[in-house]
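Next come two complexes, and both contain subunit A; in the first it sits with subunit B, in the second with subunit C.
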Partner chain A sequence: MSRQVRHAAQALWLPVVFFGWWWWTSAGSTSIYFPPLAKIVAVTWADLAGGPLPGFIAFSLGNLAAGLALAIVVGISLGMVLGWYPLALRLLDPVLQFFRAMPKVALVPLFIGALGIGALPKIYSIALGCVWPILLNTIDGVRGVEPGQLEMARAYRIPLGLRLRRVILPAAAPQIVAGVRVALAIGVVVMVVSEIYGAQQGVGYYVLNASRAFDVAQTWGGTLLIGLIGYVLSTSFVIAERWFLRWHYLRARVLGLNA
Partner chain B sequence: MNAGQNERSADLEVLKPAPRNDESVSEPVGPHALVVQRLGKTYGEGAGAKEVLRGIDLRVDPGQLVCIVGPSGAGKTTLLRCLAGLQTSSTGTISIGGRLITEPPAEIGLVFQDYGRSLLPWMRAIDNVAFPLQGKGVPAGERPRMAQVAMQSVGLGDAAHRYPWQLSGGMQQRVAIARAIAYQAEILLMDEPFASVDAQTRFDLEDLLLGLRRKLGISVVVVTHDIDEAVYLSDSVTVLSGTPASVVETIDVVLDAPREQIATKADPRFAEYRSRIMRRIRRPELAAVSKERP
Partner chain C sequence: MHVLRSRAGIRIGQLAVALSILALWELCARRGWVDASLLPPPSQIAQHVAALPMETEFWKAVGSTLAAALTGLVIAVLVGVPMGIAIGASTAVYRSTRLLVDMGRSFPVVALMPVLVLLMGTTPKMLVVVATLATVWPILLQSSYGARSVEPLVSDTARAFQIPARYRFTHVMLPAAAPYIATGIRIAATFALLVTIGVELLSATPGLGREIAQAQEGANFPLVMAYVFYSGLLGLVLSALLVRAERRLLAWHPSSRVAE
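Coming up: the complex of A and B.
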C-alpha cells in the first residue's frame, strides 16, 4: 500500500501545488481574462451537474471512439497488407507520406462542407487524423517480425489466416499499440477542432460558444475540462496497454530490454 | 528415473505418428524413408554464383538417427533447410516415402538452433506446443491434452504455463522438441539443436532425444559440428566436407544400445569413429589450403 501511496504522491504533487497556487493568487481577481479559479470551477461544475456538459462530453467521446475505431480497423488491415507485400508498399508509399505530412485539421472544413454538420463528418475527420500513425506503425511492425518466427510458421505449415492472426499480428502488436497511443492524442485534437466548425454540441463547441459570448470563466473551464479528458484518456490507455501487452513488458523486464 | 516414468511413456502412445493414408502414393502405409538423391544447391547465377552443395546422397530409414557433420560454413544448414522444404534445391531430389518434397512436408518437425527466435514469446510454453496442432486442424478439445503429454515427455509438465522467456535455454529447447513431438512428426530435423546450451544440459538433451526416438520410433536428422555428439547420437554419420560440400563418407555407427554418456564415450570404438570422422573432415580442408599456395 505504501508504495502505491508514494507513487500517487510523486505523480500528484505538482498539479496540487500548481492549482493551489492558482487558486490562491487568483482569488479576488478582477481581470476580465483571468477570473478567479474558484469561479471557473463553480461555473463548470454547474454546467456539469445540471447543464449541457454531460451530453456534450458524451457526443465528443462518442465521435472520438467511433473515429478511432474506424482508424484502427483500416490502419491495421491496410498496414498488414502493405507490410506483407513490399511491392504494394513501394507503389503507395509516396501517397502515404504526402497524407501523413498534411496537417489533418486542415481537412476538417472540407469534410464539414462535403458531409454536413452532423456527427459523421467529425467521425471521418478524427479517423483520417488517427489512421496514419496506426497504419505506418503496423507496416513497420509487420516488416519487423522475427524471420525465425515466420520460418517456424512455414515449417509447421501454419495456414495464412492463422499465421496472420497468431504470429504476425501479435509480433507487430507492441508497435501497433504505440501507433494507437499517438493516434489517440491526435484524435483528441481533431475532435475539438471538428466541433469548432459547424457544430451545435460537443466540448469544442462549448469552448467556442463561451468565448463568443465573452464568458471567460466558462471558456477557461471548458479548456481545462478538455485537458482533463485528454489526460484521463491517455493515462487509461497506458494502463490498458500494460495489461494488453503484459507479456511484452514482462519479457522486457526479464531479459533486461527496453520496452 | 521415478515411478511416474512408466505412466508417461504409456501416455506417449497418443503422440506416435499415425500411419498416413495418402492415396497419391503407392508406397505401403506406415513410416516413410527420407531419401536425398544427387542434391545440389547454388546461390545466385552467372559469374557471382556460389555452389554450396554438390551431389549429396542421403538416406534416413524409419526409426534411424542420422547426424550430418562438417566444418562450419560447409552448407550443413542449407542442406537441412532443403530437407525441411524451406529452400528449394538447384539439382537433385528429396523425397519422403517416394513423394517429392517441394514445400514443408507434414511428416517433418523442425527444431531450430535458435530456440529464442522460434518460440513465440506471446504464447505460454504449452500454447507454443499446441499451436501447430491448430494449424493442422486438430480439434480444440484435443490440443491441450496432446500438448501436455508432449510437455511431460520432455520433462516439462510443470512448466507448461510459463512463457518461453521465463525458461532456461535448455528448457526452451525442450519446448521446441515437445512442439515437434506433439505435431506427430515422423522425422525430426534438428539444426545444431544443442549448440547454445551448457555441456551438462547438452548431455541431458542428447539422452532425452535418444529416449524419445526409442519410445516413438521416429527418425531423427541432426546437423552438428560436434563430432562427439554425432558419434554418441547416431546410427549413421554423414560427413560433409569441401567447397562446394559433398558427402565424403557415410559411416554406420555400431555401439551398444542404449547409449550412456560415460560408458559409450569410454568405448574404444567411440574413439575410433571419432578420429575417423575428424580425419575425413580435415583432409579435404588441408588439400584446399595447400592448393592455394603457389
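Coming up: the complex of A and C.
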C-alpha cells in the first residue's frame, strides 16, 4: 500500500464508520424527531434537484460573498492606515476594542428592522461581523513588517503607493489572510442568523420554514446542508490560502531549515 | 503634537476621540442624517443603559444567559479537554479524527436552533446544549494542540519508565497542554455568550437575546442598543476575569514566565 493511500484510509475510515452507523441505525426509525438518514438525504436531494434550494443557496452565498468583500475592502484599507499611523491607532484603540466586543448577531434585528428583509441588511450585518478580525489582523500585520525592509524601501525612494503594494501588503498578507479566515466563519454564522431572523429565501430560512411546518426530515436536511456549506467553505479557504501564500510557506520552510 | 507623547496626554486624546465620535453620532441621529431605527442617538441609549440595572427583569435576563453559557462551557471543558488530549496524544488518532473534528468545528451551531427547538422546546436546557456544542470544538482543538506540543523527549521518557496512562495524563499531558487549554477556554467563553444570545434572539428563549428581540418588536431602538451594550460588556468582563484566572493559575508555567 502506498503512503498516500494509507493516509487517505487513515483520514476517511472514521467519518465513513460514523455516517454508516447513522445510516444503519436510523434505517428503521419511526421516531418523529430522528427520521432515517436515508429519508433526510432523499428529501434534501429532491429540494436540490427540482426544489427551491439552489436559489436559496445562491442567495445565501451571494450575501456572504458581498458582505465579506465589503469587510475585506474596509478592513484592509482602514487597517493599513491605522497600522501605518501608530498615534491614530492609540487614540482610536478604546473605541475599536469596544466595538469589537459588541455581539454582532445582536445587531441583526436593528439592520433588518431598519432596512427590511431583503439582501442588503444581511450584507451589512455580515460585513459588520466580518470586518473586525480583518481590521485588527491587518493592523498587526502592518505593524509587524520588518523595519529593515521599510528602511530599505525608503532608502531607495520607492514611492508610497508602490511601497504599500509591493512591500507592506505582501509582508502583512499572511496575517491578513488569517483574519479573513476567521471572518469567513463569523460571516457564515451571521448569514444564518440573519436568514432565520427575517427572510423569504436563503438556507437559514429554508431550515426555519421546515421546522415551522414540522417537517423534521427537511429541517435536519437543511441543517446538515448548512454544515456541509460551512465545511466546504472553510476547507476550500485553507486550500486557497496555501496556494495564495505558497511563497510565504516556502520562505518559512527555507528559513526554518537555515535556523 | 508633543502633548500626545505622555501617557496622560494619550488618555486625554483617547477620551477626546471617543467623545467626538459620540457627538458626531448624536448630531447625525438628531438631524435625521442616519435612520434613527438603525443608529438611535447615544443620549437616549445612555438613559436606558443607566436605567436597566434598576430593573429585576434585566438581572433575570443576564442571569439566565450567563447560566446557560457557563453551564455549556463547563460541560464542553469536561468533554473537550480529555477528548482533545486523547486525540493529540496519538498521531494515528489525530489523523483519523481530523475530518470529523473539522466538520464539527466549521458547523454554524445557530443552524441547529430549529432542530433543537423541535426536540427540546425553548428551554434553558436547549440553550445549554447549544452553548456546549458551540464551545466544545475550540476547547477540543486547543487541547489536542497542547498534547501535541509535549516534547517527544518528555513523552518518551514517561513511556520508558512505564508510567501508567492515568499519571501520564495528569502529570505530563495536562500540565504541558494547560496554556493551550486556557486559550481555548477563553476563546470559547465569549463564543458561548455570543451563541447563547443569538439563539435566545431567534427562538425567544428567556435571556438577553429575547430582551433584544422584544425591544426591537416594540420599536424601542435605544433599548435594543442598551441591551447590545450590556451584552458586549458581559463578554468583556468574562474574558478579563478569565485572563486574570489564567495568569494566576498558570504562573508556574514557563510560557507565562517568559511573557512577564
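Methods note: the second predicted complex is superposed on the first by the 246 of 259 C-alpha atoms of A that agree within 3 Å, B and C clash if a C-alpha of one lies under 4 Å from a C-alpha of the other, contacts with A are read in each partner's own complex, and residues count from 1 in each chain.
Keep this in mind: a contact is a pair of C-beta atoms (placed from the backbone, for glycine too) under 8 Å apart; a residue touches a chain by one contact, two chains touch by 3 or more.
Values in this document were obtained by computation on a predicted structure and should not be read as measured data.
Chemist: Could you look at A:Ala8 and tell me whether it touches subunit B, subunit C, both or neither (first, second, both, neither)?
Modeler: Neither partner.
Chemist: Of the two partner chains, subunit B (first) and subunit C (second), which one does A:Thr219 touch, if any: first, second, both, or neither?
Modeler: A:Thr219 contacts subunit C only, not subunit B.
Chemist: Tell me the contact category for A:Thr235 with respect to subunit B and subunit C: first, second, both or neither.
Modeler: After superposing on A, A:Thr235 lies in contact with subunit C but is clear of subunit B.
Chemist: May I ask you to decide whether A:Leu160 touches subunit B, subunit C, both, or neither, giving the answer as first, second, both or neither?
Modeler: neither
Chemist: Going by the contact rule stated at the top, is it subunit B or subunit C that touches a larger number of residues on subunit A?
Modeler: C
Chemist: Kindly classify A:Ser211 by the partners it touches after superposition: subunit B alone (first), subunit C alone (second), both, or neither?
Modeler: second
Chemist: Go through subunit A and flag every residue that touches subunit B in one model and subunit C in the other.
Modeler: Common interface on subunit A, subunit B vs subunit C: nothing in common.
Chemist: Using the touch definition from the top, list the residues of subunit B that touch subunit A in their complex.
Modeler: 84-86, 104, 106, 108-110, 112, 114, 117-118, 120-123, 131-132, 134-136, 163, 165-166, 179, 183
Chemist: Tell me, which parts of subunit A touch subunit C in their complex?
Modeler: 7, 10-15, 18, 33, 87, 90-95, 98, 101-103, 105-111, 113-115, 185, 188-189, 191-193, 196-197, 203-204, 207-208, 210-211, 214, 216, 219-220, 222-223, 226-227, 230-231, 233-235
Chemist: In the complex of these two chains, what residues of subunit C are touching subunit A?
Modeler: 1, 4, 10, 13-14, 16-18, 21, 35, 37-38, 92, 95-100, 102-103, 105-115, 117-119, 193-194, 197-198, 201-202, 208-209, 212-213, 216, 219, 221, 224-225, 227-229, 231-233, 235-236
Chemist: Residues of subunit A touching subunit B in their complex?
Modeler: Result: residues 146-149, 151-159, 162, 166-167, 170-171, 173, 247-248, 250-251, 254-255 of subunit A touch subunit B.
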